[in-house]
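One chain, chain A, links the two complexes that follow: it is found with chain B in the first and with chain C in the second.
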Partner chain A sequence: MTKLTLSRRSFLATGTAIGALSLVGLTPAELQAAGETTLRLRLDGDNKILDPGYMIGGTEIEAQKQCLPFLAQYKRDGDSFTWEPTYFVTKLELRDPTHIDFELADGLVWSGGNGPLMASDVKFSYERMKGTDWGGYFDALDHVEVTGDRTGTLVLNKPFAPFFMVTLCHGPGAILCEKAVGAAGGKFTTQFPAVCGPYVYDQVPGQSATFSTNPEWTGPKPGYDKVLLRVISETKAAELAFEAGELDCTELSTDTMARYKAAMPAGAAITTAGQLQYMWMGMNTEHPKLQDIKVRQAIQHAVDVDSIIAAAYSNVPAKSFGVVCPGLIGHRTATKSYSYDPEKARALLAEAGVSGLSLSIRSLNTQEPMLAAQIIQANLAAVGITLNVIPLDSGPFWEMGTESAGDTWKDLELWTMRFAGTPDPYEATQWFVSSQVGIWNWERWKNAEYDSLYEQGIAESDEAKRTEIYLRMQDIMEETGAYVWICHEPEAYVHPENIAINAAPSGELDYRHFSHT
Partner chain B sequence: MLTYLIKRLGLSVAVVVTVLLVLFLLLRLIPGNPATIALGPRASPEAIQRYSEKMNLDKPVWMQFATYAGQVVTGDLGNDVFSDRKVSTIIGEQIGFSLALMAAAMGWAVALGVPLGCLAAVRPNSWLDRISAVLSVGTIAIPSFLMSIWALLIFSVNLRWLPAMGAGDPGNIPDQAVHLIMPALAVGLSWVGYLARMVRASMLEVMGEPYIRSAHAFGLKPARVIFGYALPVAILPTITLIGMGFGGLISAAVFAEIIFARPGIGKLIYDSVLARNFPIVQGAVVVATALYIGVVLMSDILVSWIDPRVRNSL
Partner chain C sequence: MAFLSGWQGVLGLVLVVAFFASAIFAPLFAPYDPNAMDIPARLSGPSLSHLAGTDQLGRDTLSRLLYGGRVALKIAALGVSLSMVIGLFLGMIAAFGPRWLDALLLLIFDSVRAFPTIILGLATVALTGPSLGLVLVIVIVTSIPQYARVTRTAALSLRGTEFIQAERALGASTARILGHHILPNVVGPLLILAAMDVPVVVSIEAGFSFLGLGVTPPTASWGTILNEGYLVIRDAPWMVVAAGVPLILTTLGFTFLAEALRDVFDPRMTKGR
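Then we have the complex of A and B:
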């Protein structure tokens, strides 16, 4: 633990403030009682498109959460995640597998004289989403029935269990003011046409964004009167700003998290929001060098995942055993068909009649994936496989397995990959169904049982049954020999011990629910 | 003088056009579909289609360049891929911070480096000259990004005397000035050394000239001889150096802007490269190039105004 110091700057600032207050006859205690509380956070870049239909994601979702109504929100339940209705609704119930009834809270109004929050706003917002860039989140929605000023029903076109967690709690589930969006021309970018939440939003491009008290808000008061976000694009710079006392909370990089765990700054604490990122090493099952499953299984046995986590990720992330992340139903806690065993790898290669094998691994040219690729290179060299590491910029990397982007997919052999998603196993498993071959299923295997289980998992609302389904789906993935599961990187935040933070499992902060003790 | 001015202006325009063309081609040579690169791996086909149409990516490259060059001539640098805001507006919001940083950095470097060079030259091989030499070489050797990180760790994280991040509250000039101290210190430090060495060398040459000896012989005060007669001549190469060094100052400012999370054209380019927001990258690089060329042009004009012989050297 480092020592707390009274800096010259804070001494001067405090002294000046006390002096100024004494001139107007206020004591600091009186001012604290009367003054506004400000939360200082980091923004990793300007919010470019606040419209949920066309947003980029990330901090834009954070802004939506503060200023727009949602029907549901994430709730941590021990080590797992579930959902709960927000204070914008008095009722949110799954009547049957395809009907979700809702009733909006009374007395909530849109800013700028745009009237009360109405069920017609829900209908407008969700039906509008179907034709936008984020329309995929609403594929299961057929339409919204408005049954009263504040009541209605979301009608799904098929049973879709993940709808609450994936759609209603997430950014696309934001509700817009029909009247104000219409007046704004049907779309908006850097300013909300109207807000209905505890804060109003403003930004100075390149510098900051501010959430100030919404004078028209009649709902629960947030923990802070004002939230000031400084634009700091580099995570490392933000970490230094926290250490300099200029931020109250910031996201941590993996190596800093390891450093803080060894020597936590005085008065600081770390909160892990979730671990919804999953990293693995993939293999192209159709490539001539990898068509023999014994060769793929040999590679599975040759890779020392513990070393990768220790050397590339400072032992911070959780070891991965599948695509379903910790805290979600269907999360695996062990592999079934392989473990690190170089002897077994050599035996499998001999069994396959393969010697002097030379392969390539493609990796994003950033620190952790490159380190992971180099460790894999050393691991495979130990069993007699020569591995050529090919670092790639994000442009060519993200389309190398996509058939519509050229012929690179034909040469694809091994690669390191990281996906992230929302807190429902449906999202992580959707990329590997047969129809995704050549799109996101770069491993290029097809399995009828997997496809069938995927459909069952969507339709099933019983948690125990869903757990079984997703466990089996990951078994199938592993049995293809095309995967070496690596790790789940956490979304972790450092903050003072006396500030309780609120973060979605995918990392978006909800400033409304921050509190100060 | 007018002929010289026209020649220099023509050359400057040619350089800007060349940079525009090279940059445009380089951005299109990046592997991968520009629309996918800009919008991310999971962008919908509709979004990719919209982007491609907006950026004229469906047209031949030469036509894309002609369209873009035509827009640039009229002052239209295009629109931000995401927010659809004018690139010129975005650059306009940021460039003032970079200019302030560069002016402050060069300002304190000149204020310290020039007198230091003069002092070292009037007392060559003295202890002052030797200390000045060590300091100059030392500051030249320290990269600005390293200086930025040290300054941040010492003055913000440990001592907490100076703010670590940002440019200060909008409209609050004292706050903005305080936020300028560390970045200006970091960016300008190596220039103290450059200027001191340059001025010393020039001054030593000029101090040996007959007219300086005559001035001494007439009994003029040493300060008058140094600052009235020697320095105006010795400063000429330094002015050119400052003009040429402006380019280096822009790149040093990029590091400072990133490390101190300070708005500015360098950070704008950096963030836009990371976000693959190519219209902003193109616009900001063109503006930065024009800025650099403008400063070099001004320094050349200043030198040619002070020393008419230079006008015939183009």
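Then we have the complex of A and C:
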């Protein structure tokens, strides 16, 4: 007989979670429909646009992965990532640098009587993407050639090595039903016009999203009959719900991750999806106070990155040495031209003839960036630079370096920044080419060699050569003196030990491949 | 002093004096530099070396609380006194000025009072960025109407009294009537209101700083300490407690003191209770 125990901790945790989930309409009975296996997850907000051409991203991509076909998917290979064909295709091959042949699996049908999955759906979906908000992912696509009902060729207008990893595996690579999307008016928002996958989708705005078994699905059976996602906007609330046993998996904040690493909840495990986020401190090379490279190099030497990682990120993320994230080709393991050395920083400032320098740093007003900014403030004060911290909301923050959004870019001096990307170094390096000055290259430097290497990196398919290209590109970035690399934050999930989860390196969960062991 | 005859008045006075003393003499009482970081000691619990523990950057929480009191004192002293003076001036103008001006000022007072303070703060910060000066301006702007309304009401009730009529008949100017007769009669209630308003202003500053709309780093404020503590409440609950205690004590102190003062200035209130 199982002994019933009630501790203060379990009472509080369970009570809090039940209370929180009750607010969004969850009842324990709802979770256990008879004979069904249900996976209970968290949704951080409503999915607003499921159309891959106009989506915001994040959990909308997760929904697409459950309900729409893809040609390729991510595959974890130790600490790195590669790609593999999905079960929607029997063939996906690079015939030459500009031709990718595919053959769709037989017997897969669209829901709602929209017929079988056809090569013409691939042509419709990918050629349609070129004119959408996510069209940049398809710049390299010239057209799709249909050679049979289920066969065709993706024809690229130039060799584009990242096409599989960046385009086909990611959300924009979703295939739509031409007939159903046409009947829906050419676009859709919160409901799929037709699905071809293991689940059908439904959502109650502000409350939940549900993935239920697709009765017309003839492909492999997913690990769970039903996936129930409750809208819980606060990460901390979701963590509490997990601790109380009300969720099967949820994303972790860095401080909770550190706490769990010290004392993991019983029966729980952490899976790190990837570390495709890169954070750095940038400097505006055109600003009068920062035009002298010696001043920028002094700042590079003055910042104690290890302290930032320890205090602002609880020592959880990997230290960064460039924009290419761990696990990707071209990832750097050390800086070349600077390290934390306040004496050297003071000497460089003296060489530059600068004293009494006063600068400002702009930061998102959230916990980690603000703590990082305060450490940088103390570090620079130690070498004689006064730093004013300017906290900003996400709205003004994300447009402060963009020329089309006003004149703030002219006053921009220092800032902390975090980008997230896909598992190919091409994406991280694209934001710093000369044509990006005033758009995303807020550091405002131009380098012809960098621009040339960027084009070479896209066209090159040899991995060793690409590695050399991206390493050199990051050397060039560092030599501008405009960067202090900080860290790569992980996308980490906590789940019971007996549930195996599946997450893309950029963090999107793939519920189809969750399994109970 | 009559208001010290009750325990609430004494307690209020003690807490208010403690608030002023700890803020003014913070550099003497604080065991550490409030901005000195000690990252290896981050999130340490209360101990003999750090009585209120440390924050995420290893800064001594007690020292930051003491220095945070200076921010609260500055905002309270400047905010309350300036809004009281401006409110007093506008209230008397409304009472003794032309009717159209009275109506216009009332419309402005009501409009300001109807606008939520936080929304006003968020909107202003979006334009100017966060700063202590901004908090001060918002406190003054949103507090003026209550002082002005109290002054106007008191002045209007006095305007029709016989002694004011007599002054007018003797040829006294409006300025003389306001300065010599109206002002002394409305200052008492305004001082009570000001004492009641101090904890409100302290809370507004803490609230704004909690939301990131007030002081900028590394300046310590009770609101920022509360915010930082809230973010690590499961790892370091002492930060929230430490920041909450001075807020509670300051509120209690000024409230008790104001009630005691009111009992002295208006004994009818005491009898009525």
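Everything below uses one rule, namely that the second predicted complex is superposed on the first by the 483 of 517 C-alpha atoms of A that agree within 3 Å, B and C clash if a C-alpha of one lies under 4 Å from a C-alpha of the other, contacts with A are read in each partner's own complex, and residues count from 1 in each chain.
Throughout what follows, a residue touches a chain if its C-beta (ideal position, glycine included) is under 8 Å from a C-beta of that chain, and two chains touch if they have at least 3 such contacts.
Remember, it's a predicted structure, so these values are computed and weren't measured experimentally.
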Practice item. Specify the outcome, clash or fit, for chain B and chain C once both structures are aligned onto chain A. Key: fit
Practice item. Would you sort A:D393 into first (chain B), second (chain C), both or neither based on which partner it touches? Key: both
Review point. With the two structures laid over each other on chain A, which partner does A:Q377 touch: chain B (first), chain C (second), both, or neither?
Key: second
**Study point:** Between chain B and chain C, more extensive residue contact with chain A
**Key:** B
**Study point:** Touched partner set for A:G148, first chain B, second chain C, both or neither
**Key:** neither
Review point. Touching A:G113, do we find chain B (first), chain C (second), both, or neither?
Key: neither
Practice item. Look at A:V231 in the shared chain and tell me whether it touches chain B only, chain C only, both, or neither; answer first, second, both or neither. Key: first
Review point. After superposition on the shared chain, which partner residues are touched by A:A311: those of chain B (first), chain C (second), both, or neither?
Key: second
Exercise for review: State whether A:E246 touches chain B only (first), chain C only (second), both chains, or neither.
Suggested key: first
Exercise for review: Look at A:Q207 in the shared chain and tell me whether it touches chain B only, chain C only, both, or neither; answer first, second, both or neither.
Suggested key: first
Review point. Minimum Cα separation, chain B versus chain C, post-superposition (Å)?
Key: 5
Point to revise | chain A residues contacted in one complex by chain B, in the other by chain C | key: 393, 395-396
Study note, to complete from the structure: As the complex stands, chain B meets chain A at residues 30-33, 36-37, 40-41, 43-44, 46-47, 80, 82-85, 90, 93-94, 97, 152-153, 156-157, 159-167, 170, 258-261, 263, 267-268, 270-271, 274-276
Revision key, fill the gap. So, in the complex, the side of chain A touching chain B is made of residues 5, 7-10, 45-46, 48-49, 54, 56, 133, 135-136, 189-190, 204-208, 230-234, 237-238, 240-241, 243-247, 393-396, 398-399, 405
Study note, to complete from the structure: chain A contacts chain C in the complex at 255-256, 259, 307, 310-312, 365, 367, 370-371, 373-375, 377-378, 388-393, 395-396
Point to revise | Residues of chain C that touch chain A when the two form their complex | key: 35, 37, 39, 42, 56-58, 126, 129-130, 212, 216-218, 231-232, 234-235
